[in-house]
Amino acid sequence: MVGGGEGAFIGAVHRIAARLDDRYELVAGAFSSDAGTSQRSGQALGLDPQRVYADYAAMARQEAARPDGIEAVSIVTPNHLHAPVARAFLEAGIHVICDKPVTTTVEDARMLQALARKQGLLFAVTHNYSAYPMVRQAQQMVREGQLGELRVVQVEYAQDWLAEPLEQDGQKQAAWRTDPAKSGGGAIGDIGTHAWQLADTIVGRPVQALAADLASLVPGRAVDDNVQVLLRYQGGARGMLWASQVAIGHANGLRIRVIGSAGGIDWCQEQPDELLYTPLGEATRILRRGTASAGAAAARLSRIPGGHPEGYLEAFASLYSEIAAHLLARRGGGNAPSDAQFPTIDDGLRAVQFIETVQASARAGGSWITVPH
Amino acid sequence: MVGGGEGAFIGAVHRIAARLDDRYELVAGAFSSDAGTSQRSGQALGLDPQRVYADYAAMARQEAARPDGIEAVSIVTPNHLHAPVARAFLEAGIHVICDKPVTTTVEDARMLQALARKQGLLFAVTHNYSAYPMVRQAQQMVREGQLGELRVVQVEYAQDWLAEPLEQDGQKQAAWRTDPAKSGGGAIGDIGTHAWQLADTIVGRPVQALAADLASLVPGRAVDDNVQVLLRYQGGARGMLWASQVAIGHANGLRIRVIGSAGGIDWCQEQPDELLYTPLGEATRILRRGTASAGAAAARLSRIPGGHPEGYLEAFASLYSEIAAHLLARRGGGNAPSDAQFPTIDDGLRAVQFIETVQASARAGGSWITVPH
Amino acid sequence: MVGGGEGAFIGAVHRIAARLDDRYELVAGAFSSDAGTSQRSGQALGLDPQRVYADYAAMARQEAARPDGIEAVSIVTPNHLHAPVARAFLEAGIHVICDKPVTTTVEDARMLQALARKQGLLFAVTHNYSAYPMVRQAQQMVREGQLGELRVVQVEYAQDWLAEPLEQDGQKQAAWRTDPAKSGGGAIGDIGTHAWQLADTIVGRPVQALAADLASLVPGRAVDDNVQVLLRYQGGARGMLWASQVAIGHANGLRIRVIGSAGGIDWCQEQPDELLYTPLGEATRILRRGTASAGAAAARLSRIPGGHPEGYLEAFASLYSEIAAHLLARRGGGNAPSDAQFPTIDDGLRAVQFIETVQASARAGGSWITVPH
Amino acid sequence: MVGGGEGAFIGAVHRIAARLDDRYELVAGAFSSDAGTSQRSGQALGLDPQRVYADYAAMARQEAARPDGIEAVSIVTPNHLHAPVARAFLEAGIHVICDKPVTTTVEDARMLQALARKQGLLFAVTHNYSAYPMVRQAQQMVREGQLGELRVVQVEYAQDWLAEPLEQDGQKQAAWRTDPAKSGGGAIGDIGTHAWQLADTIVGRPVQALAADLASLVPGRAVDDNVQVLLRYQGGARGMLWASQVAIGHANGLRIRVIGSAGGIDWCQEQPDELLYTPLGEATRILRRGTASAGAAAARLSRIPGGHPEGYLEAFASLYSEIAAHLLARRGGGNAPSDAQFPTIDDGLRAVQFIETVQASARAGGSWITVPH
């Protein structure tokens, strides 16, 4: 692991996620560029002090040189460090699991894409919401045509943790996430990209054009904290995306509705075990993970029976386990498993392209811009 | 009443609304331009056949001439007839209660505004959703500053009754509502205008500019059935408006969220007795009509204790009763009651301006356009 | 109308209910035994002062003697007066619509039952919750066997308005409802009887035996304010009934679940337009009033499309309209309409028997007692 | 671990729970009394084959004899084996973590209680629902008097997985759970005991007397599948408990409401991150795990911010981590941590006493019986 030392949030999440299904063992880390902090973090995690590093480049080199060196690295640093860290490990021949957005520029993402291809290495991006069982159910329903021709995609990601200028009070998370140099964007990069990727996972077709309005609604904030985007999908569906970090009353309100000519679905991350499904002209059905009302795609990622809630950590763990299935296949030289899916550097690149297009539209006063592909 | 004969939907709603609080008596009507239909409708309603008309102009003249003639007319025809009918009654000196959108052109709305002023007559437009008790509660909270500086307004009105091309099968409601000549627009005119007006009622400040995407998603449809709009409010708040008639899974899903620097609120028309309110940094509260958690503005329009649901007809009746309070004051020559409010021709004109601006933006490919005031 | 003067709650509800569908006209009343109060109430309602009475017996005699005398009386007094008032009107040959519980003793209910039969008069009891469209839907589903063999009936009616000793502060509603002489019981008579009747309407088979625990949980209260009952139904189904007036957090929480071998249903009065239905082994469906997911029994009592909420007053109005259909049939000498149903004196008697059996069980320390039939 | 081999459900849950917070390492097991099955299970879990046993007694002896022997055993067998297995490990000086109900007889539970005391060993019973953060929040609120004097406790646990006679089709879980010799009772032992324990955790005072109705509603079933109990708590509060395995429409519907003179709370296991709290006369508040609206007791057991759902596995893991805190304290000879709590053999014994009292009441036709203490 690189990043995720004391005071970090997402590092601990990745560690639980990797451990939950017993498919990974954490054996080395560069948890902080401060040597003392990194060592303390490593010690708290029970690691061999020899394998706790302050310098990620050293870690990449030394682990690559060990006979029992790491097989994959998990990168959980602030966004602007993803690219150099990932590059170092790819160059050392180590698979990469990287937090999102994968980079802060399209250019960097392209570089990593090319490098991963050249090295023949796996590159996963932890757009974790795509691994919820009922998101996979939704994806399967769209693919199988249960919704008919897609017409409308409404996605939103509303939070309220930045409703006040926390970054001015020294809160660490708030500080780097609202620093354009470290985050590559505000709400659009942090959560707008999750919303886009969730929609992308389910609808399976690209956004052709968009018009976006970015705002910094908290006085003094250096990045956007509210994003509103109109979307036109390939094939004619229309969409809206709203991402906000100032939406008082919303904790982690990621929600998507996809409506076609034959049915509509509705999923909220805060009640992830349920998917509302309305076939045209019939009653709405509450499809539930872990019951007969959910199909094979959801069942694959389900651990316990319906009514025993699985949540955020389980979905994150599922993403790690999907990646593990591919890592194992590669270890044995076998074929990639056909059903285990995860967002790759290709998806990560497209996410960064989405961010840049939104930012370009906003700079142009909210004009419509074609999304590159 | 003009309109609302056999087969109509909204006429019966207006009649129940007017009757519910026992403030009106229906004594005359031109329910249809077909004399037989109008007479049958009038007979079913127990009216004196002498006061059942086929011609609204004759009704206006003759009722104005009677000593016991009507005091106000309720106009519930298709949209394109609102203007000529309202004009006839205004010219005859009769107060007007008119369904929305008040006209199909801004020009007509201006004409009615001027005529009502000149005649000194009351002109109410039945944007009925503004009369729900918890909408008034929301309005009061914004006015009193409980939400702080407004930042975000998210409003949506999602229905699914036009997910199929009903207008091609002779369904009467669908036929005129999807005929541009009769409706003046599709989803934007029928329900988008409700969504706009609900937001307008609560936030109390105008939209400055908007960018809109209109779509006809059902093949062969002559009007828009899906509307998506980005909004910039005076004072800096950002908003989104979505109105759709093809949103399978949504019956009459009018919902608004208003978020400020000090709190956020959330109201859904399908559960109208509740208003979610989250003060910054505190637990969300469920404010309920008819309980101590609702304030004076909600209590004024509440008939029965909390937990005994009031719904659409009660809110529509409240609108009629608010108008009745003004009609009574005018009858006695007194001052208008300060607390009884209803949408006037001024609001109706602004709603039509909103529709036209949305249509203009859409024609211009979704460009940002300033809303006239 | 008898009762329902100034300060009363339920009288105004009955008046709106009778008026909503335009099937009744209020022409006479004894709104209070105080002549001045009764006259003021009558005047506020626009009645002819000649037909406003202080003495219900005089009203019964005089209205019976008028050629345009009332056709039916609505009795909305405190419970202990139901029997003498109903008797007076039955003896005068006038149909009776009476609030629930119909009497405070089984003996009185039997007397009224016999008298109504002898006089050949209609006697309706306003157990209003049975007239919600989705309650009728539930009844129809049970009758048609969609739930299979009935197994479990869970019904509850939880309120919190008596969580404090309001009766000690002179609140009028609280005062008579907690006075055993006027109410004939506390929570069991006021709301327990509604819960029983709702279950009775839907399941259509009698309770054979019960064991009950009554408690007065607010210090100093003279009647029960919390009731818990175990039920054994004819045919083997088991049930529980909870009625409470001290359940802080519940406004008017009447809820019923009925579970059989082939499916289960769930209905809450506070969201009356929805009925959850789960067929064995399938997804839960949200059946909605006013949509294709509701059947004929619900559609009969539905006024407006789904998503436009109908509530308590509409259901109460439906009950009045069901009664009106029978009154009209009797007026014309025709047959009773086969589909218009309402609770009669027979149901009212059974409700009082239920109350007395619960009270007997509680007096016996919660022993099981057979319910008489 | 003893039990939890191939085909078992709860064993895997315990393993994830123990692993999630990285406080345990699984090193030995007797996963099945069939040696081949046990070895296969152990191999799948990556254990040293030397430490995989078929005989739990051998495991207890041999692990106790090893210098690196297990510190605690997790017992996840069918209920009737809990007592002999626990006894063997206690006698070998090994701490015990045992699934619930701890035994199938009070006698056995007393034996284990005495033995654990004599040996000075920790004995935890995995009544896992008590470790949800918002259950701890509820417990804290009751302890601190926020609800005032307790008045009503309504608890239910409704499932539908046994709505059909699965045990007649060879389903393994259904088979032993409906075999009285193996389970010690049906719904009352399997889930009624969870419901009782959840209430016990929150309200913190004992049930004094109860009257119970047990039923086997699925034809041919050998144990109860529906349980209804009236409760009288010490101090005067009244309660009801419903546990059902035939409640079609309910997956794992454990819900509790606790109402006092100053407020009421409502918690559902299927939405475990929320606790509804209504102070007397005020709006209902939605308290959420991971936000400022939750207190210290909830925060202790919370891993990730509000809105990122934690579920069943996280709560189960918290229980294991609470136990780990005590195991660590004992290892170091230190004091037990004052805040880390878990159900002990004392609680387990009381749960079995509750089961037996319910069964005794049911055998006596539903009479009231005093609960022994």
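Order of writing sets the chain letters: A, B, C and D. Residues in each chain are counted from 1.
The rule is simple: a contact is a pair of C-beta atoms (placed from the backbone, for glycine too) under 8 Å apart; a residue touches a chain by one contact, two chains touch by 3 or more.
Given the structure is predicted, the values throughout are model-derived calculations rather than measurements.
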Seminar exercise, completed: Chains in contact with chain A and also with chain B, listed by label, are C, D
Exercise. Counting C-beta pairs in contact, does B-C beat A-C or the other way around?
Worked result: B-C
For this session: Mind checking the centre-to-centre distance between chain B and chain C? Centres are C-alpha means, answer in whole Å.
Result: 35
Problem set entry | Intercentroid distance (Cα basis), chain D paired with chain C, Å | 42
Seminar exercise, completed: Per the C-alpha means, the centres of chain A and chain C lie apart by a whole-Å value of 55
For this session: Find every residue in chain C that makes contact with two or more other chains and list them.
Result: 250, 277, 284, 288, 291
Problem set entry | Complex contact set, residues of chain C against chain D | 151-152, 154, 156, 160, 163-164, 211, 213, 215, 217-218, 226, 228, 230, 232, 236, 238-240, 242, 244, 246-250, 257, 259-266, 276-280, 284, 365-368
Problem set entry | In the complex with chain A, residue positions of chain D that touch it | 9, 12-13, 15-16, 19-22, 45-46, 159, 161, 250-253, 269-273, 288, 290-291, 303-314
Seminar exercise, completed: Touching chain A in the complex, chain C uses residues 277, 281-288, 291-293
